[in-house]
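I've put the structures underneath this note.
Here come two complexes built around subunit A, the first alongside subunit B, the second alongside subunit C.
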Partner chain A sequence: MIEAPARLQLEGISKRYPGVLANDRVSLRVAPGEIHGLIGENGAGKSTLMKIVYGAARPDSGEIRWNGERVQIASPAQARRLGIGMVFQHFSLFDTLTVSENVALALPGHTDRTRLAIDIRAMGDRYGLPVDPEQHVYSLSVGERQRVEIIRCLLQQPSLLIMDEPTSVLTPQAVEKLFATLHRLSEEGVAILYISHKLEEVRTLCSRATVMRGGRVTGDCDPRAETVASLSRMMIGAEPPRATGTTRTAGDELLVVEGLDMPPLEPTGKTLRTISLSVRQGEIVGIAGVSGNGQNELLALISGEDPRAPTNSIRIGATGIGALPVTARRKLGLAFVPEERLGRGAVPAMGLDLNTLLTNDSGLTRHGLISTAATTRLAQNIIERFAVKAAGTAAPAKSLSGGNLQKFTVGREIVKDPRVFVVSQPTWGVDVGAASQIRQGIVALRDAGTAVLVVSEELEELFEICDALYVIANGRLSERIPVREATVERIGELMGGTRNTGDTLAAA
Partner chain B sequence: MEQLAPLIAATLSAGTPLLLAGIGLVVNERSGVVNLGAEGMMLIAAVAGFAVGFATGSPAAGLIAGAVAGMLFSLIFSALAIGLVTNQYATGLALTLFGAGLSAFAGLSYVGKSVPFKTTFEIPLLADIPFFGAAFFKLHPMVYFALLLTAVVAWMLARTRLGLVIRAVGESPESAHAIGYSVRAIRVGAVAFGGACCGLAGVYLSLIYTPLWVEGMVAGRGWIALALTTFATWRPWRVALGAYLFGSVTMIQFALQAEGIEIASQLLSMMPYIATIVVLALISRNPAFIRLNMPASLGKPFHP
Partner chain C sequence: MLRLEARPIPSTLMGYAAPVIALLATVVFGSILFATLGKNPVAGLTVFFITPLETVRGLTEVGLKMVPLLLCALGLALCYRSNVWNIGAEGQLVVGGIVAGGVALLASPASIPGYFLLVLLAGMAGGMAWAAITAWLRDSFNANEILVSLMLSYVGGLLLLYLVNGPWKDPKGFNFPYSKTFDAVAMVPKLVPGTRLTWGIVIAFLALVVIWIFVARSKAGFRLQVAGHAPLAARFAGFSAREGIWMSLLICGALAGLAGALEVAGPLGQLTPQFSSGYGFAAIIVAWLGRLHPGGCVFAAFVMALIYIGGELSQSRLGLPAAITGVFQGMLLLSLLTADTFIHYRLRRV
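This part shows the complex of A and B:
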């Protein structure tokens, strides 16, 4: 079968960082027009391998062949000249620049902004990725930022496209569109290296897959011929446990939002229109929707970051909290985990022990002095209970991988036994193992009687753990839908709402 | 009215060194680098430019020498703060102290000397217009050059690819590196431009504005230019506004002192600083506007 040289061939790539062998003699081959899956847990070495391919890191040994020729990829610029494009999981966008300026930066010689704006819209229409070229990136949601990343990459007309967890923030319909796009690109001869932890997705999309574990290749297979269970065994050595709880009857309404109308704080935010929802004791309620449809605005009002709501429009039990500050809400038993774990959920440069202290003050301070022993004990407790991989309780938050930090920030709230638990994107960019641990933690909390509100873009996750769902689209919330009666198609249609047709963009 | 025309002319002359330095520092800081060495670079350029002007008798040679001296001096900063990733604030402070000492030493033999060329100019015809001629058209060419430079830099930052790249590097050097830009090279270039502009500002003082060399003659203008840059939210035209505002209040308080107004001269000398900061803080208080214009990685070291 091997007549033409591979688009990209890695042979025996090894890379050692102090204390860890991130890649151990990794070999991988991607043919032109092939959609090649790369799967593995966080810390399996996928990111390091991609950094090497993209020129952001140098391998200690091994060789890279590009179209059959041996190359040294010394820098991202060189990688792009070869024709390697990458869509990053942690976006490499510039917040204060507009979408078209961000795109222009990555396209050498493309300076006509009007022309570029047209190209961006055209690319967005073609691949179902609507964005407004004139908007500033800082006002965009995670999902919208990802669209910008993808469009920016496609406009460079790469011959190898690396995608790092691209579907985590898309509606099911948008995922289908993206897959159609990827198939079209692959028919045009573009090789695609697709990094994902969603095994089902890899099975539908990829014709070849490399599985990594602990820096090594543990499997090279045709994923269509495998099952999720067999792929999972190659990846983590076991099947992922599913989060299941006991059947229970929900209690009284604990978190209630009633008839909430609110213009956004940011000029580019979404206006919320008559939002009503309720979460009862001992149930998990999900809010589905593509990001940028008002989730952040609603969460800020519930968490207290934005205390402009009328007092009684948001209630915990019988207490109106709409105008209370964050700490007062926390004292009433509200715990909140924001979408951005680094920077908002945790202070990057501080140790885990001090980060524990940020949202948890009971018994950790005395007369304003920090009780080091108590904080360390609590941090240690969270680390053990949620199997957080960290170099001790003093390890800075930024030194943890995304999944581990997420386990920590979610765990930090769970150990407080809150009455109401609100969490945004609990498993965004987190591998299967960590995601299922986080979900189990949430389910256990529900079983203990907490009212849980989960905002997520991952439908599969919402269907797995929720008792009821709402869908948010364009600042409006749907009716409450019991999960038993919900179908992916119906929820997907509600998610699409008016937004995905692009009319809001045409008006902008 | 007749008194007003020379006051306007004096304002524009007094604002020019602040504007020159401020514009350079805007580019410098938009790339994410704070160079507190502005004062030192201005001093070095003032003495170097004076020396060359004195020796050659050519003001143009003096100005060019000043710009080159400022730029070369900024390379010391770049080598340390960008090359060796030392702390930008400490390095800049060291540069200012070093510049003050070195310029005093190098300038010893020039103290009390004067340059042998004229410092008065006028634009033919336009200078004869009543009032406007005296106010706007009898100024040194460097005054007009400073305005031209402001326009060019404002356009460059907003409209050109180079400007976009500089802003991108100041916003997120990691992202700029990831998509393939050489963060260090761009930053060294921006700092060199800042150095050259500060150099021009310094030599403008010693060759045109005063014109003679006195130890420490920059008299804090480097610091004011740094403050202007921040209070003007890194927008070139706002820097110009601040520079001329500072110049005008300086001139007004001189006029008041000359009139013998019964206010302590120390209080009057504070006025330019207070007025400039209050006005710029007022026009730049919109948080979204600051968010959009402030280089997010300002002063943070970048390890490639």
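This part shows the complex of A and C:
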């Protein structure tokens, strides 16, 4: 029997980087019109494989067949000529240019801007991706920016569209709309490679899935016929343990923000408007929201990196901390884990031992000199307690994988037994195993009586560990919502519910 | 067409090998230079790199040049590690020399023994004060420290010219723009009798040990480097960016000022218009050649001192122009920058 050639077929692709076999004889087949999931933990080799397909990296061995013909993809430009389009997780748009200007930059020879604006609108109508071509990118919500990226890809009429973790920045409503678009594309014969670590999504969207672990393919299945548990087994070799803790009655209010108004430090930042929240001893409070709605601005004011707040607008216990420097807040028992692990939470070129010094003011130095024994011991303690995989306590922070560095930066704060623990995106870009370890650590801290504030884009995560939720949208914080009264729909509406994010309006 | 393309992982090994490669390249280009000037390259290189090391006098002269180069380079390396782009060690050295000279001029045979220590402290204070101007302007007005520190170097040089041509000119000096010679009690004692080498070299190595410990082991040194490597991490940790600017500039100013004091109260014994032969600028090359590491700076200061002495010798022995020193310094810097570029980038034909 002669089978129709696959749109894309990879045979025995191997790629070695110094010290790691990123792809080990990977084979994969995507038929025209198929939505094919590619799932795996961080570091499983998904990104490397996609770089190879998109011409950004060359395989050491193996072959690539495009519509049945053997090809060598030497550059992204060549990949685009073949008909391969890719939407990256991190957008590559210029904030100060308009939508059509941004699109024009990616289309060589496409100089007629009026014509282009019409094309953009037409493309938007056809696939449910409404954007205004004349709008500046900085004024767009994250969901709208993603639409621009997708439209830019579609204007080149790809026959294979690669999407890298596209939903990590979207509200639940925007995710639904994205899926509708992808289904329409697939009906027209466009093959879609959908990279994700969210198993539920892959089960909803994809008709075929390839699972990767440690550079190899560990499963090839129809995800609709699988369960999250069985997919997860293929992905990490075991089912993820769930964070469990006993819910206790919460105590006194430990972290309070009251009526905080603040213009942003950066011109592109969000203005915070009358933010009020409170976190009591022994409870986890979450802040949900699409990133870029004021989370970073609020966190910098709480952590002290931005000490402009009126003293009493932020309090730990009864002490006003709004204008205190970072170190003084730490002395009062505040611990903070920022979203960016590398470069902010840790100095990339320095060892884990030295990185313990970032958030420990005493105990590690004597007469102003660093006690190597003490920093090594502390780093070792964190490594053991949180199962951080590192080549020793002196391993530079940048040598760790994202998940392991995150375990380290979270662990570094947890071992201090803080009174108030504030963490941003605790499991962002972290593999399933590490994520559940981190969540368990946070829950254990809560059970020990710490007041915990978690800012996250992952609703599932917030629902799993939080006792109460706030939603942040366009610099405003919602009412406090106890988790047992919250639903995904309601939180999602609050997330996208303001005019400026536009995601819900666009449904009309 | 050729294009520079970033390497995914710059080689650490090549990072350390680059200074050696740059030195070899300088030797090769130096040979070509000698040949085109009609000199035997082997003889030329011998005068540059071997002859100074053959005699006690030559060795002590090399040691003498190392003192200001090493002190300034230690301070500059600290600044660069802290992301503070001070290129004004020359001015800090000159003003340190001026203040030290002023204190030295007050000495008389009746002054307390060990008066030269006061002279050295005055030099450090002068250098710090000069560097403090840069720190203050950067801290208060966000003025670019590269421009400010560079321009202040010229101001310092002009201040020196004014003093030795005006109020501090030796009345018995036949109208030469020199100060009076200092009293013996204000002078740094000789280390090797019969040569010009003073205890300055010992002081420079003591400074090396202190700076090394500061960089490698102290919390304050750690804070500085975090601010340099990862400004966001410094802010997250609550380390003050202002502290980094002030501390690195003041330490560099103190070391450069000390270098100036050791120069005027050492081999010279008076203030002269050109008492610094551009040590503060040459030290920038020394700091980078030494990979901003205190230990590396010793090796680099030695090479640079050799180029200074070799340059002087090739004027007297080979009849080459005085510019030869600057040419060799330039070749070394250019080779180093090229080597560093190729560590981070590779050439691709497009």
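By definition in this document, the second predicted complex is superposed on the first by the 430 of 508 C-alpha atoms of A that agree within 3 Å, B and C clash if a C-alpha of one lies under 4 Å from a C-alpha of the other, contacts with A are read in each partner's own complex, and residues count from 1 in each chain.
Note that in this section a contact is a pair of C-beta atoms (placed from the backbone, for glycine too) under 8 Å apart; a residue touches a chain by one contact, two chains touch by 3 or more.
All values derive from a computational prediction rather than experimental measurement.
A.B. asks: Quick check on the superposed pair: does A:V20 touch subunit B, subunit C, both, or neither? Answer first, second, both or neither.
C.D. replies: A:V20: touches no partner chain.
A.B. asks: A:L105 contacts which: subunit B (first), subunit C (second), both, neither?
C.D. replies: Touch partner of A:L105: subunit B, not subunit C.
A.B. asks: Regarding the shared-chain residue A:E340, is it in contact with subunit B (first), subunit C (second), both, or neither?
C.D. replies: In the superposed model, A:E340 contacts subunit C only, not subunit B.
A.B. asks: Scan A:L357 for contacts with subunit B and subunit C and give back first, second, both or neither.
C.D. replies: second
A.B. asks: Between subunit B (first) and subunit C (second), which, if any, makes contact with A:A444: first, second, both or neither?
C.D. replies: In the superposition, A:A444 touches no partner, neither subunit B nor subunit C.
A.B. asks: Let me test your reading of the model: by the given contact rule, A:R330 touches which partner, first (subunit B), second (subunit C), both or neither?
C.D. replies: second
A.B. asks: Scan A:A56 for contacts with subunit B and subunit C and give back first, second, both or neither.
C.D. replies: first
A.B. asks: Scan A:G368 for contacts with subunit B and subunit C and give back first, second, both or neither.
C.D. replies: A:G368 contacts subunit C only, not subunit B.
A.B. asks: Contacts for A:A349 in the overlay, against subunit B (first) and subunit C (second): which applies, first, second, both or neither?
C.D. replies: Only subunit C is touched by A:A349; subunit B is not.
A.B. asks: Residue by residue on subunit A, keep only those touching subunit B in one complex and subunit C in the other, then list them.
C.D. replies: No residue sits in both footprints.
A.B. asks: What does subunit B use to touch subunit A in their complex?
C.D. replies: Checking each residue of subunit B against subunit A gives 160-161, 164-165, 167-168, 171-172, 174-182, 288, 291-294, 296.
A.B. asks: List the residues on subunit A that touch subunit C in their complex, please.
C.D. replies: Residue positions touching the partner: 18, 303-305, 325-327, 330, 336, 338, 340, 343-350, 354, 357-359, 365, 368-370, 372.
A.B. asks: Per the contact definition, I'd like the list of subunit A residues that touch subunit B in the complex.
C.D. replies: Against subunit B, the touching part of subunit A is residues 56, 75-80, 88, 91-97, 101, 104-106, 111, 136, 138, 266-267.
A.B. asks: Enumerate the contact residues on subunit C facing subunit A in the complex.
C.D. replies: Residue positions touching the partner: 9, 213, 217-220, 222, 225-226, 229-230, 232-233, 235-238, 240.
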